[in-house]
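Pasting the structures in now, so scroll down.
Next come two complexes built around chain A: one with chain B, the other with chain C.
Let's turn to the complex of A and B:
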């Protein structure tokens, strides 16, 4: 059994580690490239959302490398992600490609299916080894999330562009190479030291931008055209709303055990959106409110084109933007999105944010009330369809 | 209480909706915005339920779930909104509960509200019975009949009710099929239990109510083979149908080589283009019969 799985940011590091320590042979698909996206788009339904298409590309490229089994997550709706695996299986089998699928998802009364999937993955490992594998993968995931959080403020202030990105790549490699939890800790310490060594610009007052939206487009740089890096290298500090480890805890573990608690999100979003709408629609609203109240300069909202929960969020965000006085830029991404287009929009958005901040500061210095035009939130749209 | 119903969809309603709604939303949401804004001027209260689920363990779709909030924050002046949450996902009889609660908030007694619910349910079951006798909702409304044609002239028209039964949105599709001498079969004409039984055969529980309806109906007729073709009407950008439609089309090809036409509707769809596609499809079906 040679197992592969779809890419989502640095998810491949903990998953590879997990499967390797369970004694399962792993084929990590090649990093997502334009070819991957083109390949996926060719065989996927035209109006499916982007992640499904990119997944197909991943599977086909991994098949070339010899994979024979796919490990995939699922869900119970209403977001389309819950039915991805079924459609992908049909597409692959119609292409005559023989790939087995192990689907891990919250069981709807079908615990047997979930257990069977888990059993296939853990067949070669003793219970102790399973525990160790889980602990190691979890440590790696936590370490990567921690590093990403540490990296954002430094990237915005680095004196030489690209130094932080280089350090980040090295950190990912080191954490990937670690083969026990202690080594992961050491790698984290080394990574932190690397980050601390990066020379910073002195006394730079950076803009802060929150990144909210659909998890896949937030986490996968090849799909969001490296939004985090683009913003960072414009000297803007990114505050990301979703981290993989949080998602694993809430969606995979707590949801399955019916212990999920989103009260804080619900409470914040309630005046605008009083019911969950699947995916991260509600979280997009609540995080935007949270950021506005924390004094963050603006919010970038990303989602795949036709993403249902995020369309609901996008319909409501203009009102949130106005009431909470925070500018919001929505970027709907699909296979035709291009880096230059996204970058131009981001640059324009950040210039507006900077101008807004300057105005507010001058008004503040002159000790007068902030005039209405400075307080106005503004929303403008970026879509990839032209 | 006086009830005002919005007029049938027309160009003005559609234009109003297209202007008001988020551009990424699908056509039905835009049409719905149009209807709501048309009504908003003449009423004191607007009934915009939050539709979560019609049956156990399913959802309608996220946009339905967020509709009252989307409307509320669209920046228009609206009268008071009545937005009961209709959710049969966990409890079967939660619909009457929330409707009765909404009525009581408007100042009606529990007794009146419950009586109204029972009456509505009786009307509904009468209507359903008529549907299952093979009438489309439009036939019932305008008291007309399906054409009297040979039994091999049946077409299965799949799609969400708000698309296939809105004559403005689908450019009079059903009438067009009648004129060409076809009987039209829609998911509403099959007993729900049969549909559910067929939909349950999918390897994974399908969690969209309307998707189950389409899959169940399609599998029934693909097995039975009593229709000459399938027309699937979807709105551009419809999330569930982008996957359900794909499954249907693949199955139609694999199982019985049944002719399958996918019609995508949006606010830019022109009548000429639609008619041409439908006519070409019907010609193809007829040539198959000849050869």
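Let's turn to the complex of A and C:
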């Protein structure tokens, strides 16, 4: 059995580690490229959301490398992700491609299905080995999320463009190479040292922008046209609302045990939306409110075109933006391949955030009578920073 | 005399503005880009120079538009800014109290919301180019009308036909259908203007508060039929600034003036650039799996800039002059 799975940011690191330690052979699909997206859009229904299409591209490219089995997560809606595995299986079988599919259905649905999926993967491993495999994968995921959080403020202040990104790539490789939890800890320390060595610009008060929206578009740089890097390299500190490890704890562990840690999100979103709408629709709203109150300068909201939960959020966000006095930029992503269009919008957005901040700092009150002098205070350098 | 040059290198047109220290427009050039941005910049520089009195020194240069980086490298810009900011700045400069800017250019359309002279919100067309200048151009051509007369003709109509405006492709088939039924040219022209305005308000301006004063700018603002259709739909007066077609360049010039008033020397390479030989080379980097397409700009045999690489491996070797 040679197992493959779809890409989503650095998800491949912990998943490969997990499967390898279980004694399963793994084929990681090639990094998502324009070719992957072209392949996926050729065979997927036109109105399906982008992640489904990219997944198909991943599977087909992994098949070329010899994969014979797909590991895919299931879901129970209302987001269409719940149907992905079924639709993808149909598409692949219509293409006459022989790929077996192991679907891990979330326990909110049926325990039996989850156990059946897991049993096929863990057949060769003892309970102790399963525990160890899980612990190592979890350590890697936690380490990567931790490093990503540490990286954002440094990227916004780096003195030479691209240094942070280079360090990040090295950190991912080191964590990927670690073969026990102790090695993961060492890799994390080495990674931190790498980050600390990056020369920074002299003390700079950077803009802070919250990134909210659909999990796949937030986490996969190839799909969001590297939005975190673009913002970071413009000198903006990104505050990401979704981290994979948090998602695993909330959705896979706590909800399975009928416990919650998301009541705060529900409480914040309640004046606008008091029902789960699938995906991260509700969290997009609650996080925007949270960021506004924490003094974050603005929010960028990303989602794939036709994403139902985020369309709900998108229609509510203008009201939230007005009530909480925080600018929001929504970017609906599809098969765009031109970074330039996104960068233009991001730069203009940050520009208005900077002008707002200058004004707030000069006048200390919102309805200022002498806007002329504040207008002059443009300091945001945008993409011409480097 | 000190003056400031603004260049807007757009997909359809390339515009040049020279602004004096106290905001007077000394030169104003509008050229078609015609798919050759380098040629357009060189030609524009030449024409700008010929329009300027000899006692002018360029003390600052700003570039904007989709080709802003290229233009910036070619001429040696002091500031390179996105077109949304540039248009907002220009509008606030023309009409200090402006609160809404409707901008329709060749390939894009945007709405900019300002309060107290500051941009507070904006939107730009994303997945659909219906209602932009290129579409109007094409339809005028189909009707056999010079685009310059399109607006005048629409103004003469008393009884505009209803044309579906949601999608440009269907607007076109709807329009042909009306044509075949024998509707007059002016009724169709006015109907088309109304359809485009509906499309713009539903797609680009969706969910934005439009308050007067409203400024209508961009190449399409020359079309009086569109201005009238906006006034009907919004039920308020719409202003078209005199420099409507070159507002991006004007904004860039204003930004350049702001940026360089205190700093000593401009990066401007001089008007001699119009005689330079520029060469653009594209190559794929195989350093990693990203396979970035790296673009290299050469001027007079010297490498001026490289971009397109995600990691900075190529661009880092040559410090950009626009920092």
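Everything below uses one rule, namely that the second predicted complex is superposed on the first by the 356 of 386 C-alpha atoms of A that agree within 3 Å, B and C clash if a C-alpha of one lies under 4 Å from a C-alpha of the other, contacts with A are read in each partner's own complex, and residues count from 1 in each chain.
The rule is short, and it goes like this: contacts are C-beta pairs under 8 Å (C-beta built on N, C-alpha and C of every residue); 3 or more make two chains touch, one makes a residue touch a chain.
Values in this document were obtained by computation on a predicted structure and should not be read as measured data.
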item: Partner chain in contact with A:275 - chain B first, chain C second, else both or neither; value: first
item: First, second, both or neither for A:123, with chain B first and chain C second; value: neither
item: Which of chain B and chain C A:165 touches, first, second, both or neither; value: second
item: Partner chain in contact with A:332 - chain B first, chain C second, else both or neither; value: both
item: Contacts of A:318 with chain B and chain C, given as first, second, both or neither; value: both
item: Chain B versus chain C as contact partner of A:115, first or second or both or neither; value: neither
item: First (chain B), second (chain C), both or neither touched by A:79; value: first
item: First, second, both or neither for A:347, with chain B first and chain C second; value: second
item: Chain B versus chain C as contact partner of A:355, first or second or both or neither; value: second
item: Contact residues of chain A, present in both the chain B and the chain C interface; value: 305, 318, 332, 381, 383
item: Chain A-facing residues of chain C, complex; value: 66, 69, 72, 79-85, 92, 116-122, 124, 126-127, 207, 255, 258, 289-291, 310-313, 315-316, 320, 322-323
item: Chain A contact footprint on chain B (complex, rising order); value: 21-25, 50, 52, 57-63, 65-66, 68-70, 73-75, 85, 202-208, 234, 236-243, 245-247, 250, 254, 264
item: Chain A residues within the chain C interface of the complex; value: 30-31, 33, 160-163, 165-166, 226, 229, 305, 318, 327, 332, 334, 340-341, 343-345, 347-349, 351-352, 355-356, 359, 368, 371-372, 374-376, 378, 381-386
item: Parts of chain A lying in touch with chain B, wherever the complex brings them together; value: 45-49, 52, 74, 76-80, 82-87, 90-91, 94, 108, 272-279, 281, 305-309, 311-312, 314-316, 318-320, 332, 381, 383
